[in-house]
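Naming follows writing order (A, B and C), and every chain is counted from residue 1.
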Amino acid sequence: MEISLSPEQIIEITQPLERSGRTDREIRNIAPLGDAREGELTFLHEKKYRNDLEVTEASVVLVPRDCGAEPAANQLFLFFDNPSVALTRLCSHLESRLRPRPAPGVHPTAVVADGSRLPASATVGPFCVIEDGAVIGENSILEAQVFIGRGSSLGADCRLMPKVTVMDGCRLGDRVTLQAGVVVGSDGFGYTSDAAGHSKIPQVGGVVIGDDVEIGAGSTVDRARFSQTVIGEGTKIDNLVQVGHNVKIGRHCILCAQVGIAGSTTLGDFVIMGGQVGVAGHLKLGSGSQVGAQSGIGKSLEPKSYVYGSPAIPYMLRQKIIVLEQRLPDLFRRVDKIERGLEKAFEKGAEKG
Amino acid sequence: MEISLSPEQIIEITQPLERSGRTDREIRNIAPLGDAREGELTFLHEKKYRNDLEVTEASVVLVPRDCGAEPAANQLFLFFDNPSVALTRLCSHLESRLRPRPAPGVHPTAVVADGSRLPASATVGPFCVIEDGAVIGENSILEAQVFIGRGSSLGADCRLMPKVTVMDGCRLGDRVTLQAGVVVGSDGFGYTSDAAGHSKIPQVGGVVIGDDVEIGAGSTVDRARFSQTVIGEGTKIDNLVQVGHNVKIGRHCILCAQVGIAGSTTLGDFVIMGGQVGVAGHLKLGSGSQVGAQSGIGKSLEPKSYVYGSPAIPYMLRQKIIVLEQRLPDLFRRVDKIERGLEKAFEKGAEKG
Amino acid sequence: MEISLSPEQIIEITQPLERSGRTDREIRNIAPLGDAREGELTFLHEKKYRNDLEVTEASVVLVPRDCGAEPAANQLFLFFDNPSVALTRLCSHLESRLRPRPAPGVHPTAVVADGSRLPASATVGPFCVIEDGAVIGENSILEAQVFIGRGSSLGADCRLMPKVTVMDGCRLGDRVTLQAGVVVGSDGFGYTSDAAGHSKIPQVGGVVIGDDVEIGAGSTVDRARFSQTVIGEGTKIDNLVQVGHNVKIGRHCILCAQVGIAGSTTLGDFVIMGGQVGVAGHLKLGSGSQVGAQSGIGKSLEPKSYVYGSPAIPYMLRQKIIVLEQRLPDLFRRVDKIERGLEKAFEKGAEKG
C-alpha cells in the first residue's frame, strides 16, 4: 500500500464534523494509534486508549467529538461521531485507487466455451476457463486463472480472485466474493465401506451460494451427495474453512479461519464460530448460536446457545471447568490430606475404643 | 444438478424388487426423507425414520421390502433389499449424465514437454503443464490448470481435478482421484536450527500414492526428505488434510477433513481418523485404529486402538473424564463441605477432649 | 527420487574422515536405519539406535567416529563428526541433480504486463501472470501458473512454486520460498456487524515478507486492513497455516502445519508453535515462546513462555492436569468413599451420643 494524500484530500473524503490544529505533512500510511509516526494517519477507536492521543506522533488523527485531547504542533485532529466509520470511508476511497475495477472484457488467453453466457460488462482474466453452459452475471469479475465448470452460474457483481475453482453445477448469487484459491463444488467425502475397502458414493448434487457471501482464501465447499450444499445470504467465511457435503449454512453467519463442518449439518442464521471449530455431521445448530474457538460440537444446539470447548458445553460451565481443572493438583492434595487425617482419626479412635 | 427422470426411467435404472402405487410426476431432484416434496425422489435408509414415510410428499420413494408403509395418492414406492445401494446406482447414472467423461486429447493451450509420455486415451485440459519425463497412464484425465512435474508418473484411469499440482518425482497408481487444488510433493518441513536461525534440510525424496486413493480439495502431501512419503492403496483423504514428509499411510485408511500428520509417522491399514485430528511425528499407529475428531496423538497406538481427546487416550476413559469434568464444580463443593465438616468435628472433639 | 551413486561418488561428495569396509553396490536410495536394504545408504543420527547398526543390510552407512560398530561383508562405513551434516551435503548434491535450476527466461505463454520489471536472470514459467508495476528480483524463479499482482515486489533468489498467488501491493524479501498453492495478500476477515448483517471493512494494507522466509503448501497470509501484515526474516511456516490480517511475526519463528493466527497478534522472534495451534487476535507472544501442538492461546505470553493445551497454560501445569484428569474416576470414588465413611461415623457418633 502506497498512499499519498494531502490533509485537504483527507478532509474531503472523510467529511469531519470539526477539525483542530493543522499539518503540512502529506499522509503516506495509516497506522494504529500506538505505532503511528509523522506522515501517518491514525484514529482513536476505543476510549480506553485516549491517553495515547497525548503522545502520538501521527500527523492526522481521527477522533470522537468528546475525546478531550488537543493536537500537538504540526498535527491535525479531525472530529467525528464515529471515527471508525470515517476510517472505513477513507479506506474505501483508497481501495478504489489501489485496486481499481479492471476494465470489462475477456483476456485473449482465456478459454471460454461457446455454450457459456458472458455479458459484455464482465471481466475475465488471463488463463481463465469457462466451460459449457456456464453463465456469468453482469459486472462480475473473474481474476486470472479462475475455473468455472459446466453449467455453473454467477450472479451480478461477483468477484472471484485468482485461482478460484467453481466446479460444475454450482450456483452463486449476486455480489459473491471468493478469495484466491477457493474451491466450490469439490466432491463430498462419502464412501460405503466393507472389509475389502471403501467404494465411492457418487456426489451428484451441487452448491448454492447466496447473495453477498464472502469466502476466504483456500477454503473448500463440497458439492452435495444429491440436492444442494447451501451457504445462505450474507454469510462470511474466513480462510481454510471446510464445508462438507449437504451442509446448509443459514444467513449472515460468521465462520472464522480453519473451521470444519461435517456433512449434512444445518446452521441457522447469525451463527458465529471462532477459529478451528469442528462440527460433527447431521447436527442442527440453532440461529444465533455462538461457538468459542477450537470447540468441538458433537450435539445439536438450541438457538442462541453459547458453547465452548472440546466437546462444546455451555460457555460458563466450560469456563468454570477451565478454572477448576487448574486447581486439580491442589484438589488431589486436599483429598490426600483428608484421607490421611481420617486414617489417623480412625487409628486414634481404635486406640481409644 | 438438474435432473429430469420419468418414473419409468428410475425403475429401469434401479431395478426394484417390487413396486406399489404410481405417480405421473417427472422427478427433478433427490432429497432427504424429511425435506422431499412433490416431484422429488427420496429414500428410507434407517428404520428409525419410518414414520416420516407416512407424511413425505416425495413422488418416488425407495424403501426396504419390510417398510410396512403404503404410498399415498400420486406416489410411487419402489422396494429393495437395500435402498441405499439403489440410490447409489441412480446417482452413478446421474453422474455419468451430469459429468460425462471428457473426450481424449490434449487441449491446444496445454504445455506438454516433448520428453513426457502421454497416451492417446488421456485427456489434458486447458493450461495444464506436463514437464519433462512425466508419464501419464491410459485413460487418465487432467482437468484444467493441472501441473505435473519432472519425472512424475500417473497410472491408468486417474482423474485430477482443476488446479491439482503434482510436483516432480512423484508416483501415482491407477484410479487415483485428486480433487481441486491438491498439492502432492511439496517440500517437507525440515530445518537444522541454531541461534542464528534455521537452515533448510534438502527434501529429495518423493511421494508414492497407491491405486484407488482419493484426496480431497486443498489437501497437501509433502515429499520425503529422502526415500518416499507413501499413501497406501484404497486410502481416502478428505479436504485440507496435511500429510508430512516421510509419512507412511497404510491401505484403506480414512482421514477426515483437516487432519494433520507430522513427519515420519506410520499408519497401518484401515485406520480411521475423525476431522481435525493431529498426529505427532515419528509414531506408529497400528492397523484398525480409530481416532475421534479433534484428537491429538502424541504416542504410538497398538492395532485396533480406539482413542479420543487431546491428548488422545482410550475412548471409554476419555468419555468418562468428559462426564466427570462437568461434575468438577460439584466435586469441589463436596470436598469443601467435607473439609468444613471435619474442621467442625475436630473443634468439637477438641472441646470435648 | 531415482538415485544412482557409486560408493566413490558418495565419498567424494560427503568427504568422510575415515572409512571402513567396502561395497561393490551402486546406491539407489537413502533410507532410515531401521528400513535400509542392500543397495541403499543409511546413517546413524542418534546413539540410541546404535544396535541397529549390527543388523542393517544397507550397503553404505554414515556413522559417527565413535560408533563402535564394524561393517559387515560388502558394506561400507563412512565416519564423520556429524553424520547428519554429511547426509545433508549428500541430499543437497542430489537436489541439484534431481531438481536443477530452470534456465532464465520468460515462457512464451506467460502474461507479463509492460509496466512490470523483470531482470534477464529471472525465470517465469508457463501461464504465469505478472501484473502492472510488479518487480521481480535477480535470479528469482516463478514456476508455472504463478500470479503476481499489481505493484508487488520480489527480492533476489526467490522461488515461487506452481500456483503461488501473490496479490497486489505485497513485498517479498530475498531468498523467499513459497511452496505450491500459497496465497499471500488475500483480504483480511473484517466486517462491521449489525442486525441486518455484516459490512466488509476495506482491506487496503499489504503484506511484507522478510528475507529467507519459507511458507508451506496451501498456506494463506492475509493483507492488512491498513499498514502491513509482517512475516519476519528467516521465519519458516509449514503447510495450511493461516496468518490473519495485521499479524506481525518476528524473525526465525517456526509455525508447524495448520496453525492459525488471528488478526493483529504479534509474535516476537524465535517463537515455535506445534501443529494446529490457534492464537486469538490482538495478543503479544514474547520472543522465544514455545507452544505445544493443538494449543489454543487466548492471552498474551511473556518471552520464553512454554505453554500447552486449550486453553494454553504453562507446560508443566498442563502436563500435571493431563495426568490428574485421568485419575478423576478414581478421585470421584475416593470422595464418594470419604463421604460414606463420614456419614457412617456420624451415624455411629449419633448412636453413641
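Note that in this section a contact is a pair of C-beta atoms (placed from the backbone, for glycine too) under 8 Å apart; a residue touches a chain by one contact, two chains touch by 3 or more.
Bear in mind that the values here come from a model prediction, so they are computed numbers and not experimental data.
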Subunit A omitted: connectivity of the other chains: one piece
Fitting subunit B to subunit C on CA atoms, where both chains share a sequence, rotation angle to nearest 5 degrees: 120
Subunit C against subunit A, contact positions shared by both copies (same if over half, else different): different
Rounded Å distance between subunit A and subunit C, as computed from the means of their C-alpha atoms: 24
Set of subunit C residues in contact with two or more other chains: 109, 127, 145, 163, 181, 218, 240, 258, 276, 310, 325, 331, 335, 338, 342
In the complex with subunit C, residue positions of subunit B that touch it: 109, 111, 127, 129, 145, 147, 149-151, 163, 165, 167-169, 181, 183, 186-187, 189, 191-193, 197-198, 200-206, 218-220, 222, 224-228, 240, 242, 244, 258, 260, 262, 264, 276, 278, 280, 296, 298, 310-311, 313, 317, 320-321, 324-325, 327, 331, 334-335, 338, 341-342
Residues of subunit B defined as touching subunit A within the complex: 1-2, 29-32, 35, 84, 87-88, 91-92, 94-95, 98-99, 107, 109, 125-127, 144-145, 161-163, 177, 179-181, 212, 214, 216-218, 234, 236, 238-240, 251-252, 254, 256-258, 275-276, 293-294, 310, 322, 325-326, 328-329, 331-332, 335, 338-339, 342
